[in-house]
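The next part holds the structures, each set out as structure tokens.
One chain, chain A, links the two complexes that follow: it is found with chain B in the first and with chain C in the second.
For the complex of A and B:
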């Protein structure tokens, strides 16, 4: 039993079914979490539900979309009953198109230099600070980082952004696209994101009894204990639902590699 | 291959084989003016009066709605005040690309600098969150200009003052390609097109290309003679009429604008 005087960090309760239990109460406030997943693994839905649950308790939320136009994103997400367009209309969830932000900042070049990266960090932190955003999703950091020339600059960008957002008390999800969630130990496209982020959540597909099952696994979460098991992820009309994956019936050695 | 253009007899009679420079004394010294279909390049020195010459060139405006004056440095108000001063028609088409550039490009750059330096205000953020599409299509003033010239009909008259704006912002070979299209359109439609370019803007090789392309090449020069300036127009090329090559000294008068004083033939 832990001593009663032990210190526990305040948590940002995600509100996503099953995720807070995995994280022993939620994401430590101000953390930057990398959610890395293969295509179709439910990253965007998870990120949006994280914002919806926060906004329903009155938190100001922001979503930066670089992968698809916000119009398309909203059209897709509004099919889920858990999402209410009123949250966007009333300004509790603020959806920003990265293309529009680039244009407003005059970032029209194909690749970003140091000063462009600084301008982008300043713009994002300005928005977070002015609105008082406590939950932020960038979808995806992979698309955004493709515009940044060097690995060092990507590292600086993510580190500085994460630090500033943390200082502002903003819990951030950086969505990353990966090609495989099971074949190797890389959870990011550039290899630097995973080292800088406070937490890593991996999402992908696992084959079970001839079925392809979406799964989620928390690999790392600084400042918090957490389950390291794989959880089956269902995209239901009520949102993401996580349930423990059973150990039996897994295919090949891949499950053993992931500690199941 | 482009269809052969036919011109009505009525138009042929009305416009005639030559058009006026807008300066009667020039017309008479060049056997009635400038042949229809001519693409004219004016290579100019600063302060030599070429801007005024350009305005005077459109002043005959045989068909005002088929006459266009494009300026890349002056405002509409400045241009019309000159037209007013000399009593030249103001119902022609005038396009001020310099003003448009300031509005469409520089203002956006200024705004971007403000956002970068001062950050976003709450109204800015609200607007940003509601903006779903990037509205700034790549600005291509050169294509716009070419399309505008190509949309002019038979016997049009147009001036572009000056091509420096495009040479300074675009790949020179692209500017030249667009000028070739404008030249072909001018020739086919028996139009008159004058393009000015500063002598310091283009390289010697580019100047030679322009001279080859043009039907007529004018060089505007200004020399200091004691306490006065001597302004001259040198006709360096006149396609198929080398006898018209000349050095024309001119002055600017309040009544007539550019007025030739002496004509010296180049033999």
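For the complex of A and C:
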């Protein structure tokens, strides 16, 4: 009998209810995952819960916020009982304002050039290296990339950042804002993020008779098998919860009748 | 004074936690049969649970239960009715969660699972009241799929599932599926004389 040659990569267990089952155990360590979603789909909460679950097991985590000030972010997220402000106070979760980082680096220009991008990558990786961060969230990479005018430069930025963070053993979630999460949509604003990232998770709203139901779908995850089904998502006091979306939930009225 | 149906408690003593019970009621005896099902679960079997109310607002149900001396502190109510009536969610009870609409079926499942994760009770039940009320808003095929998922989700987690329906107001396809998925039947459906 031949010995088993099956090999599975070590996983970063997200701790998010249902997500690790969808990912067959978690995100492969050191991956850069694009979480692309429409507004109000729960991206920031998912990203924050990913950090909370890691920090609760003693991992050092970092959150770079570009869309809202860190004070506002923490005020919003602390309403969830799963979030414990002690994790921030004890330095397990480190929240950085991108605006503060820009001014710290002297990046006051409206658009970033090559050297500015390299300075930004170095600053982020230095922080990750110094603190020993193993889980990182950048919210959002879309806001950050608005300052980078060239598509090539965005590609270089994300590729270099992802490679360096992976080398440091850091599993990264890049949050991206998209306008549509339905069929034929792009999973990123600039069209390059999705090609570079190791994984893509799409979040959005499915409309059912005028009501919006949040959903999550894993489109790609290098180095791991995963479910490609659509899951309904609920933001509960314990964090994100997922369940498979009903298959007949988005079917038109007539075709959903019995016997048709 | 309400007279509880003792035969229901006798029947319940023979079911296991991973059972799913279809409770058929009539339009006139629905409340009595529902109360006769819940009371032994709480008092005899020391259970806690979730009551999903799609037919009436949770406050009305709580007050009706309290009116017959039935304890409601072990039950968390998921109200699918009151959000549709603006102002209907203002209540003194803190054991009610409101969901926008009975069409948000996945949200109902997730909210119930959330309460099962936080319940202090070792043994739990979930009551879905009722299939015919959900059928007003949801397509038959989707409802059948939902009940299949719902029942299996809680059976797997050893949560006793009680599905209430008025048979002559439930779509035949959904009713046939319920017969298939449920392990036990409490039949108190009204006899219809044409």
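One rule holds in what follows: the second predicted complex is superposed on the first by the 241 of 260 C-alpha atoms of A that agree within 3 Å, B and C clash if a C-alpha of one lies under 4 Å from a C-alpha of the other, contacts with A are read in each partner's own complex, and residues count from 1 in each chain.
By definition in this document, contacts are C-beta pairs under 8 Å (C-beta built on N, C-alpha and C of every residue); 3 or more make two chains touch, one makes a residue touch a chain.
Since the structure is predicted, the reported quantities are computational estimates derived from the model, not experimental observations.
Colleague: Could you look at A:209 and tell me whether it touches chain B, chain C, both or neither (first, second, both, neither)?
Modeller: Only chain C is touched by A:209; chain B is not.
Colleague: Using the superposition on chain A described above, determine whether A:70 touches chain B (first), chain C (second), both, or neither.
Modeller: A:70: touches chain B, not chain C.
Colleague: Per the contact definition in the header, classify A:119: touching chain B only (first), chain C only (second), both, or neither.
Modeller: A:119 sits against chain B, while chain C stays out of touch.
Colleague: In the overlay, answer first, second, both or neither for which of chain B and chain C A:236 touches.
Modeller: second
Colleague: Where does A:166 make contact in the superposed view: on chain B (first), on chain C (second), on both, or on neither?
Modeller: Once the two structures are laid over each other on A, A:166 reaches no partner at all.
Colleague: After the superposition on A, what does A:227 contact: first (chain B), second (chain C), both or neither?
Modeller: In the superposition, A:227 contacts neither chain B nor chain C.
Colleague: A:245 in the overlay: touching chain B, chain C, both, or neither? Say first, second, both or neither.
Modeller: second
Colleague: For chain A, which residues count as touching chain C in their complex?
Modeller: Chain A reaches chain C through residues 208-209, 211, 213, 232, 234, 236-238, 241-249, 251, 253, 256-258.
Colleague: Name, in rising order, each residue of chain B that touches chain A in their complex.
Modeller: 108-109, 111-113, 115-116, 119-122, 125-126, 128-129, 131-136
Colleague: Quick one: in the complex, what on chain A touches chain B?
Modeller: 69-71, 91, 94-97, 99-106, 119, 122-123, 126-127, 130-131
Colleague: Quick one: in the complex, what on chain C touches chain A?
Modeller: Touching chain A from chain C are residues 100-101, 103-107, 109-111, 113-114, 117-118, 137, 139-142, 145-146, 149, 153, 171, 173.
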